[in-house]
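Next come two complexes built around chain A: one with chain B, the other with chain C.
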Partner chain A sequence: MAHFTEATSVKDWLNQRLAIEKVEKVMASEYWIPKNINFLWAMGMVLAITFALLLVSGIFLLMYYQPDVRTAFYSVNYTIMRDVDFGWLWRHVHGVAASVVFLVIYIHMFTGIYYGSYKKGREMIWISGMLLFVTFSAEAFSGYMLPWGQMSYWAGMVITNIFSLGGLHLDGLVEWIRGDYVPAQAFLTRFFMLHVLLLPLAIMGLIGLHFATLRIPHVNNQDGEEIDFDAESKKYLAGDKAGSKVMRFANDFMSKDLMVVGFYLIFFFYLVFFQYGFALDPVNFDPADGLKTPAHIYPEWYFLWSYEILRPFSVNIGLIAFGFAQVIFMLLPFLDRSPNAIPASRRGAFSVWFWALLIDMIVLTAMGKLPPEGIFSTIGLVAALAFIVLWIALPFITMNEKKA
Partner chain B sequence: MKNKEPLILVVVVAFTLLTYWLVEPYAHSVMHKHVDGQSFTYADLAPITKTGDATNGKNLVAGAAACTGCHSIEKAGMPAAVDAVTAAQTYGVNPPDLSNAGAIYDAKFLADLIKNPAHALKVEHKFDAAKGKMHPMVAFYGAGGDLDQEVADMVSYLQSIAVKPNQVTPKMAYENACGRCHSVSYEKWTQIGEKPAFKFEKDSLAFDIKVLEYQEALTKYMGKLPPDLSMYIRSRGEHFITTFIENPQAHLEGTAMPRVGVTADSAGKVIEYLEDAGDTKRHERESVGKMVLIYSIIFAVFALLWKKQVWRDLH
Partner chain C sequence: MGKAFGAVAGVGAVGSLVAMKKSWDPLPSVKAAGFTTLDMSIYPEGELITEKWRGKPIFVLKKTAAMIAKQTESQKARDIVVGDAHFMLAIGLCTHLGCIPAYIPAEESFLCACHGGQFNWAGEVTKVPPPRAFDIPPFKIEGTKLVLGEVGPEYQKMKDSGITL
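Moving on, here comes the complex of A and B:
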């Protein structure tokens, strides 16, 4: 039994039991952040805020949404959009945030790749981040099923079909996932459960892990500089704030985080009120109809690049390529053989690789939406092959990189 | 050291906008047929050259042209002879009441409709007299005088009894031009009228059965039940619906949906009706949106000032 003395204040009472002063130091005031970082380092906070917006808007939507194939569409488009005060606002916030969160995730990911922030002790940051990407993807997909519109139904049909794994004809597995031969009540209810309970729990757990992975290696910086955090923090605490290479997380860096969040929210709410069509697909405002296949079935924009890696090939090869695309990002820290953790601009061939990958993924994204006809099929095939070649080439081009 | 942030921002924004342009405006322009509106001029129809005489038109409508054999004109004290369900079972669809037809529909269209219904409605692929498939509305071949004069008289009569074109309400335009085929369940609109609130469930069910009977006849006539339009303003958008109303064949060749011949103003009223059904909170969205953006800008400015204050000591 630890020794407790009579508390002199509420703070002291809490301090004896929870060590709040120590926790505050570890998490905020003596959590040291390099000074030479730019606004891209605020994307984590932007993501946290967007996730909070998703969570809060989701709670309000959950009070009126009905997970029943007969009433789901009505509960979303009539009850929430017309009847409930500001129901439309929560739905627009939820739908737009679900789309924008992926834009920020991609910016966050490419920032990590550009600055080599997955190397030299930061491997777990990258891996936990990729696990978050996977769970966010599952969360987005399961949520997309819930309004039970045409795109919900047909996207559900197409994506669950992938699990038959082509030539293996695992139709039993597909039926087991759906709980039926086609997407129906059992399908909707289980995706509802995944969307509002299991996956959010997993996401919150992984966010905790992602923060934890950051604490010991500290965040990277934009110059690839190795900073002696102990020495620099002593300098700061001794009063040489301007001379130290580091700053406190709170309030120093947090004030910048909040500034970026402020500008981001202007952009976000502009989308919510005035430019929401990209996130709330028009086709999904038609109720689900199993006898009426839409002319064009396409996933939301953030899945298009991996969809296009599946599409240009024959079934079995396409599935192998798709599987490759799903796991390869996870392996990045081990495929990059270079000893340097510095910005891509100073890494020669890797710099070319980085921009080629970014442009290739944008091309894949565009071709994933366009109908697979004529020149679009050819461009899609070339871009998909380029994606695979780029990743296979990565260990070889980084192996020969000279130590900077 | 040089501040790279402006350059980084430009790169991030440029790639974001490029991706947006590719997957939204560009991809959709490739996926969807582009149809330009003709501003409801109905250039394919001959203009009315004669000056109509409403009094003579009245005699023709109720007499020689036999319009009132099938159409009611409530305003002129001529109610429908049979109920909507029986009418649909007889003609395929309930013929519209003509009280405000002169205001809702284009005059040239009405004139052509009287002379050759399948032509004006653009359903000649479905109703070909040479193959013995007659349109349920019988063409008017004249009452002995000048055909064009007689038609002009009838159009003039319909215009004389109708409300002024600027008095056409969204509901009036929708119900007359669209509502006999398309329900709008979010506005409680069925093909046989607005569903009232019934005290007893058996009355409510009896009404539903009537709707089902009407829909059965309509389905037989159209080939499939025309869709409910509650959310069409969100699923199709204003441009698609407007150009579809103007000429369904331009979007969907061979469709059984007729060209309904509304004026540009009435088409606007139909759109307004659909916005009230499927985008009910659009005005609130715009006003709240402005306030939220103003708040966000103020928040961002204060966040910027706070950051500047905190960072003053760090450099």
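Moving on, here comes the complex of A and C:
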């Protein structure tokens, strides 16, 4: 048994039992972050804060929500929105955060792609991040089912039908996922379970993994410079704070992080109080009706690009293209054959590839929202093909890149 | 020791996976509610009526004399005849991803708003992405009545010849 002495203070008492000083050093004051970064490096903290907002608002919604096909719609639109004091606040925070979290995830992802932060030992950061993207997508979809409005029902119908895998006709699998021939009570209750328990647990576990993947390779910097973190941290601790290329996670980096978070929260609560409508689809204010499809079905904006890759093709090719779009980002560290982990702006052809991909995804997003008719169909088809061609071309573009 | 532990754990894992899979299956009450009887003598000609079976919409279109006259061989194969009336009867879900197409009487065709698929009055695809004609639900003709969910000889023939899944 370890030797314990009489404690001189509460801190000492805890320190003897939990090594809190050591933990604080490892997690914060001696966790080293490069100085050569910009506001885009704060997106991780912005995401953590947004997840906390989702969790807290979700807890309050959970106290009044009823996962029953007869009462779900009214428990959301009447009980929570009108009866519960400040119920509207939780719903608007939850809805706006669910939408904005994807905007920040996309910024976070494209920052990583631009600065090459998925290479040279940082592959697991990228892969765990993409796993988080997948679980967040599942979390968003399952949450969208819960108000049991027309969009909930028909999105549930269409998305679960994808699992019949077109020509394979796995209708039994679709019925198994739903627990019924169509989305009904069994479907609502199990997606409720996924949304409030299984998927949040998975997300929290993956966030832990995502943080852990950062420890050894450390955070990237604006120039992709390989920093000797041991030497630079010694310099910092020896007193040469100005000369060192690194700073403490807390309070140095956190103070910068929280300033960005502050600006973000002003924007976020502006949306919550004044512009919440964008996160609440008007069609979903009609209760679910299995005998009436809304005139125009579209997913939330953050799924539009992959939806548009599914749409212009016949069913089997569309599903293959859709599957390709879902997994291809995961493989980015292995498709990029260049040895350079530097910003895209200094990587020649890759720079063109980066901006082409970004613009293509914006075009796909815009076309996904428009009805599948005439010129929009054609633009959507071209953009979907361009997406596939860009990813197939990536290994060849980067293979020939000169060592910087 | 490792093998023994692995074997015991493996049996437990398989057992729990079976239980988990079965718990997600449709309940017996859901499966039992799968039959609907339609009185086929009441439908007006040329008008699309939507019935409900297993929570799904069922399109019933009593064909007009003009439609019957212009039927092709493949359309005749999908034709359901009760007494002397001819019907287009099908599950009213797009075979792409399951939205309900809208019937446009002026064009005698169906348009799916989700992904732009089109079907003609006989239920055949005229514009992709849907991969095949409307599915026909299992049916059994009993006089002027039709039972959905039961397999009659007419349905079996359609299934065997690959007209419906």
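The working rule: the second predicted complex is superposed on the first by the 404 of 404 C-alpha atoms of A that agree within 3 Å, B and C clash if a C-alpha of one lies under 4 Å from a C-alpha of the other, contacts with A are read in each partner's own complex, and residues count from 1 in each chain.
Going forward, contacts are C-beta pairs under 8 Å (C-beta built on N, C-alpha and C of every residue); 3 or more make two chains touch, one makes a residue touch a chain.
What you are looking at is a predicted structure, and each value in this text was computed from that prediction instead of being measured.
**Student:** Since both structures carry chain A, what do chain B and chain C do when superposed there: clash or fit?
**Tutor:** fit
**Student:** A:56 contacts which: chain B (first), chain C (second), both, neither?
**Tutor:** Neither chain B nor chain C is touched by A:56.
**Student:** So, A:366: does it touch chain B (first), chain C (second), both, or neither?
**Tutor:** After superposition on chain A, A:366 lies in contact with chain B alone.
**Student:** Tell me the contact category for A:169 with respect to chain B and chain C: first, second, both or neither.
**Tutor:** A:169 sits against chain C, while chain B stays out of touch.
**Student:** Should A:274 be classified as contacting the first partner (chain B), the second (chain C), both, or neither?
**Tutor:** It touches chain B, and chain C stays clear.
**Student:** Going by the contact rule stated at the top, is it chain B or chain C that touches a larger number of residues on chain A?
**Tutor:** B
**Student:** After the superposition on A, what does A:48 contact: first (chain B), second (chain C), both or neither?
**Tutor:** In the superposition, A:48 touches no partner, neither chain B nor chain C.
**Student:** In the overlay, answer first, second, both or neither for which of chain B and chain C A:39 touches.
**Tutor:** first
**Student:** Report for A:256: first if it touches chain B alone, second if chain C alone, otherwise both or neither.
**Tutor:** First partner only.
**Student:** Taking CA centres after the superposition, what's the angle at chain A between the directions to chain B and chain C, given in steps of 10 degrees?
**Tutor:** It works out to roughly 60 degrees.
**Student:** Scan A:296 for contacts with chain B and chain C and give back first, second, both or neither.
**Tutor:** The answer is both, since A:296 touches chain B and chain C.
**Student:** Note down the smallest distance between any C-alpha of chain B and any C-alpha of chain C in the overlay, whole angstrom.
**Tutor:** It is 11 Å, taken between the nearest C-alpha atoms.
**Student:** Same chain A residues contacting chain B and chain C, which ones?
**Tutor:** 295-296, 371
**Student:** Per the contact definition, I'd like the list of chain A residues that touch chain C in the complex.
**Tutor:** Listed in rising order, the residues of chain A that touch chain C are 154, 157-158, 161-162, 166-167, 169, 171, 175-182, 184, 186, 190, 290-297, 311, 313-316, 318, 371-373, 377.
**Student:** If we count contacts the way the header does, which residues on chain C are in touch with chain A in the complex?
**Tutor:** Against chain A, the touching part of chain C is residues 21, 24-27, 30, 34, 50, 52, 54-57, 95-102, 112-116, 128-131, 165.
**Student:** Hey, which residues of chain B end up touching chain A in the complex?
**Tutor:** Against chain A, the touching part of chain B is residues 1, 4-5, 8-9, 12, 15-16, 18-20, 22-24, 26-27, 30-31, 186, 230-231, 234-237, 278, 280-281, 284-286, 288-289, 292-293, 296-297, 299-304, 306-307, 309-311, 313-315.
**Student:** Could you list, by residue number, the parts of chain A that touch chain B in their complex?
**Tutor:** 35-36, 38-40, 77-78, 81-82, 88-89, 92, 103, 107, 222, 241-242, 247, 251-252, 255-256, 258-259, 261-263, 265-266, 269-270, 272-274, 277-278, 280, 282-287, 295-296, 301, 304, 358, 362, 365-366, 369-371
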